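Below are two complexes that have chain A in common, paired first with chain B and then with chain C.
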Partner chain A sequence: MAYFIRRLAAAVPVLIGITFIAFALSVASPGDPAVELLSMNGFSQPTEEQIAVKREEMGLNDPLLAQYGHWLSKALQGDLGTSYMTKESVSGELLRRLPATLSLSLLAVLFAVLLGVPSGMLMAIRRNRLFDHIGRALALILVSIPGFWLAIMLIALWSEKLQLLPTSGYGTWKHLLMPAVVLASGTGAILMRLTRAALLEELNKDYMLTARAKGLRESFIVLRHALRNACIPLLTVIGSYFGAIVGGSVIVEVIFAVPGIGRFAMDGIFRRDYPVIQGYVVFTGLIYVLFNLATDLCYGLAHPQIRLGGKLR
Partner chain B sequence: MKRTQTAKNKKRIGVLFSLCLLLALMGCSAANGSNESSGNNGLSQQSAAPSAAADAASEEIVLAAPRDLAPGPQDAYYTSTILYVWEPLITASEDGKPAPKLAEAWEMSADGKEWTFMLRKGVTFHDGAPFNADAVLANFARYKQVSPKSSPFYTLDINNSYPSLKEAVKVDDSTIKLIFDNPQPTLLYSMINFSSPMYSPNNFDENGDFNGLPQGTGPFKLVQHEKDQFSLLEAYDGYYGEKAKAQKIRVRVIPDPDTRLAALKSGEILGVMDLGAIPPALAEELLKDDRFAVSTAKSTISHYLHPNGAKAPFNDVKMRQALSLMIDREQLVKELYLGYPTATANILNSTSPFYKDIPAVHHSEKAIALAHEVLGDSRQAVTLIVPTYGLDRYPYKAQAELLQAVLQELQLDVTIQILDGAAYKEAQAQGNFDLAMATQGLPNGDPYTILNNYMASEGSSNKSYTLGYTNARVDELLNQVKATLNMDDRAAIYNELQDIAAEELPTIPLFNDASLIAYNKEITGYGALVYGTTLPQLERVQ
Partner chain C sequence: MSDTLMVIKQLDVSFQTREGLVQAVDGATLELKHGRIFGLIGETGSGKSVLGLSLVRLLPAHASVSGSLLYKGKDLLQLSPKEMRQIRGREIALIPQNPASSLNPVMTLGSQLREAIRAYAGRTGSKRLNAQAAGLLHAMNMPDAEQQLRRYPFQLSGGMKQRVLAAMGLAGSPSLLIADEPTKGLDALIRVQVTEMLANMARRTGAALLLITHDLDVARVLCDEVGVMYAGQIIEQGPAKELFAQPMHPYTRGLIASMPSRGMIPIAGTAPSLTDRPAGCKFYDRCGSAMPRCEAEQPDLYKSAHTEITNKETEPIDGTAKGQQAAAKHKARCFLYA
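Our next item is the complex of A and B:
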């Protein structure tokens, strides 16, 4: 627990740093939030006076450090501010969208693991045999297919042709199947190859020879000894991937009309909605910190010699 | 001991795995639950099989739009007018002229400074409150309080729609009077639709925002809204006019056009609505299947090519004319938009009642000669900027490439730059461009706003888009029109301004867009309007 708290505390300066960088980049990028707000319908053309009044109202005329400091002092009290465009609470909006993003991400990781790990294991065990060749080709195909194309193909087959799954939306487990498959395909393929490579490396080590000499069953050796040692790189990939898709997968969210965090953030970026961008950065930063921690915990579970805080048992 | 540790680890991994699965499913069931709690039976329809169209037990008709048509309580209107939840005092007739809605009749004083509105009687808001003079005054008080209030539809700004309004007073329960400092002969045009929305006086909080779902007087009530997911409409039994034919309509948000097309084909939705509901190319594809039909109407959207008139070469009117003559608008409309929009050389949108038909002329030899006069034998590098939001709705990438190819003959080497909305506006404001592809909506029926914005020396669009246009005669006409009470005289001035714009080209008009929608023939009564659809007439074919 102390280790957990220490890691979280260490993340605070990192979060402050990345929010400042995000703020500086937002301000430096072309575009004025006041103009964006006053012309958000794309047709209205605000006058210079209206823009000046709105900038003052939004606090955009304050010195940059004062603007950031104002945001930071509120953020440290748990208030991520209000969106310039929608006038709604940023944290409320992020929390409202979290279930959609989280359920989609979890399912995608599940699919990626279910596809990648068992196939990779079989490919390693049956090295250079038919299953291995097919698996390697499949992994290459899956990793090369663009996500948007796969999404369109899946919709054409499962929704248009077979009418078994909804094209889009959010609400039931059926809505999540296709977007999760699209998100999982590339990472599943990477896991396949990674599992295969890591397992092959373990299978050729001396301790495997000892295990076999002891008369242990091959399946027992692979599952109990080799996979366990091979899973450290797998856990690293899975942890990073999870953090990345929770942070948002805009294309999949747009194609499948999933009301997730990615779409919210993208709208915020396009409209120079600084509070939304800042809130999103804090949120994704926290997610990464938490998933890195979770990954570290999993290392300990998978490999008892690894103990948190860098101590070896 | 070791075995115990292993068992523990296995157990931990098992728990972690189960937790992941549980969380994933909880996410779904949470959303499912929230919908069910409000009586949603549409999820079965969203689940594709069996399709919405085949779900005979359901009275609900499911449509889709590219964006959320109900931005929510902080928005100026809560919902777009095309959901028919709220109604304005004044609407537009088919020819774009002001027509009665909640105001049945009106009268302007001789000096144009006082307008009296007779209100429709027997009207109630969805929350049961009566629509009367007090309700109208409460709405005017809100306009004052919140203006300018942004919205993805139109900005609510009392200073634009009711310039120099001194006060709004109640004459009797069903009559109000608006008193102005200056004459307002075209007030009715600027009051159309988004400028005079009416809500129950009990519907606002202390900031002028909505304190719950919108309580309008329209044929539909908004009974449920899940942001960025759907709006559920229910026919309002107490509606004073012809009641909505469909009992329930769900309007889903499906941002991607290909997904909307797939949802139509699979029967998951029965129609689409809103701007960019279906791109022309997809509409053509859909029409190959005789289960579907499309409907079109004029649109208030115009497409322009903005020149940077503050620097060479487009500060020279001859170069702008060369550009206009070189572009074959008919071909552009036919090839890229499959003939749905209408080519035009007029800055004013064709839905305006003051629109003058100015045919688009394509004359490449004359264009080349004009360009040669300006550029001599040298070639000029120009930057064409394209906004990303245009790419989402229109074939702007193909259009930009077409322009790039065509303008080579004018000795122009075009570089295309695609910019996000904010960067695009900044580039325009700073003059960091030569040409910009742009769309413009007609703000209201009176062309003064749009002509003044684009053509006056100090016009807001003229300055913000760096059009660099000045003409003393235009400034004089625009000043003159403000004091002209007689509508025929105003029309004459507007005609002259349209002619000047077509000749001097502060911007290069390309075409007037078309409002295009598609639907499954299992529904009837559904058609496109200039702004929106005939939603209240929509019903399932028996």
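Our next item is the complex of A and C:
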């Protein structure tokens, strides 16, 4: 519990930093937000007077720190401002888009783990045998394939030729399969190599000899003794990857037209919709912090020495 | 019934490495008896640990082992991996070296002990398992045995870890216990305590104990019989008292003279590389009494004149034929006794 509170406390300055950067984004960006807002429709030319009124209305004449405080207090209440373009609440839009991104991310992480961990384990056990060689070659290929290329190839095969899966959109599990595979391939390959390396290291440790000397079955020894010790680097990769794709996987969401958070951010950037970009930065920052926190907690579960606050060897 | 438990005959262990073939154990022949302690002494790298591990077939995969390991009449080298697994722990247990790293850091002592017990006892209730685990720790003089079960290895001192490992080794009430430098890395006081505990345990349960150590004092005081290893060979073996009182091999004499209590005189030179061992006597380069024939010819094990008189038995060591010998013969691999 003390460990959890310590990790939580450590996250606070990070969050403050993120909000500050997100706020600074609007200050540093070129152009006057008031002008941007008033000329959003593309043809009206706001007068000096209109701009001055709007500036006062948006609080742009206040000192910067006061503006930040004002913005932060609203952000803390869940109000990330309204989009210039749609005139709708940014946080509402983010929440609306979260399920799509979240289900896609969960499936992608599941695929990556299913691909990476068991095969990595088998590669370690069958070190320098055929399975290991094939696995290593496959991992290298998967890491090297660009996501967008894989996406196009998958669409060409499964949608165009075999007509089994929809090319794009969102709604059924079928829509999620291909984007999840694309997202999972690179990380799955990294997990493969990492699992292999981490497990190989554990298999050579002294406690493995102790376990074998007890007459335990080898499969039991690998699963119960070695894997648990090997899982810390795996948790690190899985955790930060999960955080990254929940924060929006722009390319995949755009290619497969998944109405997710990455897509939203992409649109915001193209339209210079600063509240959207700001909201996106805060949101992904928050997601990252949360996932890091969850990863830290998993460390604690996996490794009693971290949880109980002992020194790590 | 014969008191012989295991007969190791002409055991060779070699490793294929990038530097060449490493002959780690060369023609080791010894006999382990119920309730007796056999001490294996020698410098680091002389092959003691490899010999110990080869008895439970837990050497790395690139090791090649030949000879015979007759345990209760069965040759362990002929067993399938599954049969061998059933020998480990309940018939032959190993107490590994390096207590600091030999326990799994992420599992409680309780779960590590329980799985050892479960491996032999089969399915039992968790309450009984816990009681048994605590009992094992208690027998090892662990204070608060019940509480210790919930602790993790990093919360224990080195001596306590060693006791846990010893308790784990005894969980299956094995007939043969191999203790591979069980006191490595422990301070002097605990070293004696732990080793004595193991010795008492062996005597009480009637198990044989193979004690691998480089602590000559421990070997002299606790062991019934001692084998001295040098460059992969057992170059001298015999009853502990006799071996220390009248060492035969020049190397053994040198070892004894290098003990702190005997003046701490080091043996000149270094042991030969195991990839490129000399053809003749392995100790030739460092030996003060070397003769010309020692360089090219490999000496056999010769009996000491002393034992020849007291022990009329002249047959080679063979557990099946004459198990009930009064004392093991004292012999050395040196032409001085040819």
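By definition in this document, the second predicted complex is superposed on the first by the 242 of 313 C-alpha atoms of A that agree within 3 Å, B and C clash if a C-alpha of one lies under 4 Å from a C-alpha of the other, contacts with A are read in each partner's own complex, and residues count from 1 in each chain.
Just so it is clear, a residue touches a chain if its C-beta (ideal position, glycine included) is under 8 Å from a C-beta of that chain, and two chains touch if they have at least 3 such contacts.
A quick note: this is a predicted structure, and the numbers were derived from the prediction, not measured.
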First, second, both or neither for A:70, with chain B first and chain C second: neither
First, second, both or neither for A:129, with chain B first and chain C second: neither
First (chain B), second (chain C), both or neither touched by A:216: second
Touched partner set for A:6, first chain B, second chain C, both or neither: neither
Touch count on chain A, higher of chain B and chain C: B
Chain B versus chain C as contact partner of A:229, first or second or both or neither: second
Partner chain(s) touched by A:205 [first = chain B, second = chain C, both, neither]: second
Partner chain in contact with A:100 - chain B first, chain C second, else both or neither: first
Where chain A meets both chain C and chain B, residue numbers: 302, 304
Chain A contact footprint on chain C (complex, rising order): 53, 56, 58, 85-90, 93-94, 96-98, 101-108, 115-116, 119-120, 152, 154-155, 165, 168-169, 171-172
Of chain B, residues touching chain A in the complex: 5, 9, 12-13, 16, 20-21, 23-28, 30-32, 35, 43, 46-51, 71-72, 74, 148, 150-155, 209, 226-230, 252-256, 258-259, 262-263, 265-268, 388-389, 420-423, 425-427, 429, 439-441, 443, 453, 460-461, 463-464
Residue numbers on chain A that touch chain B, as the complex places them: 29-32, 35-48, 50, 85-88, 96, 99-100, 102-104, 106-107, 109-110, 152, 155-156, 159-160, 162-176, 254-257, 259, 263, 269-272, 298, 301-302, 304
Chain C contact footprint on chain A (complex, rising order): 205-207, 209-217, 224-225, 228-229, 302-305, 308, 310-311, 313
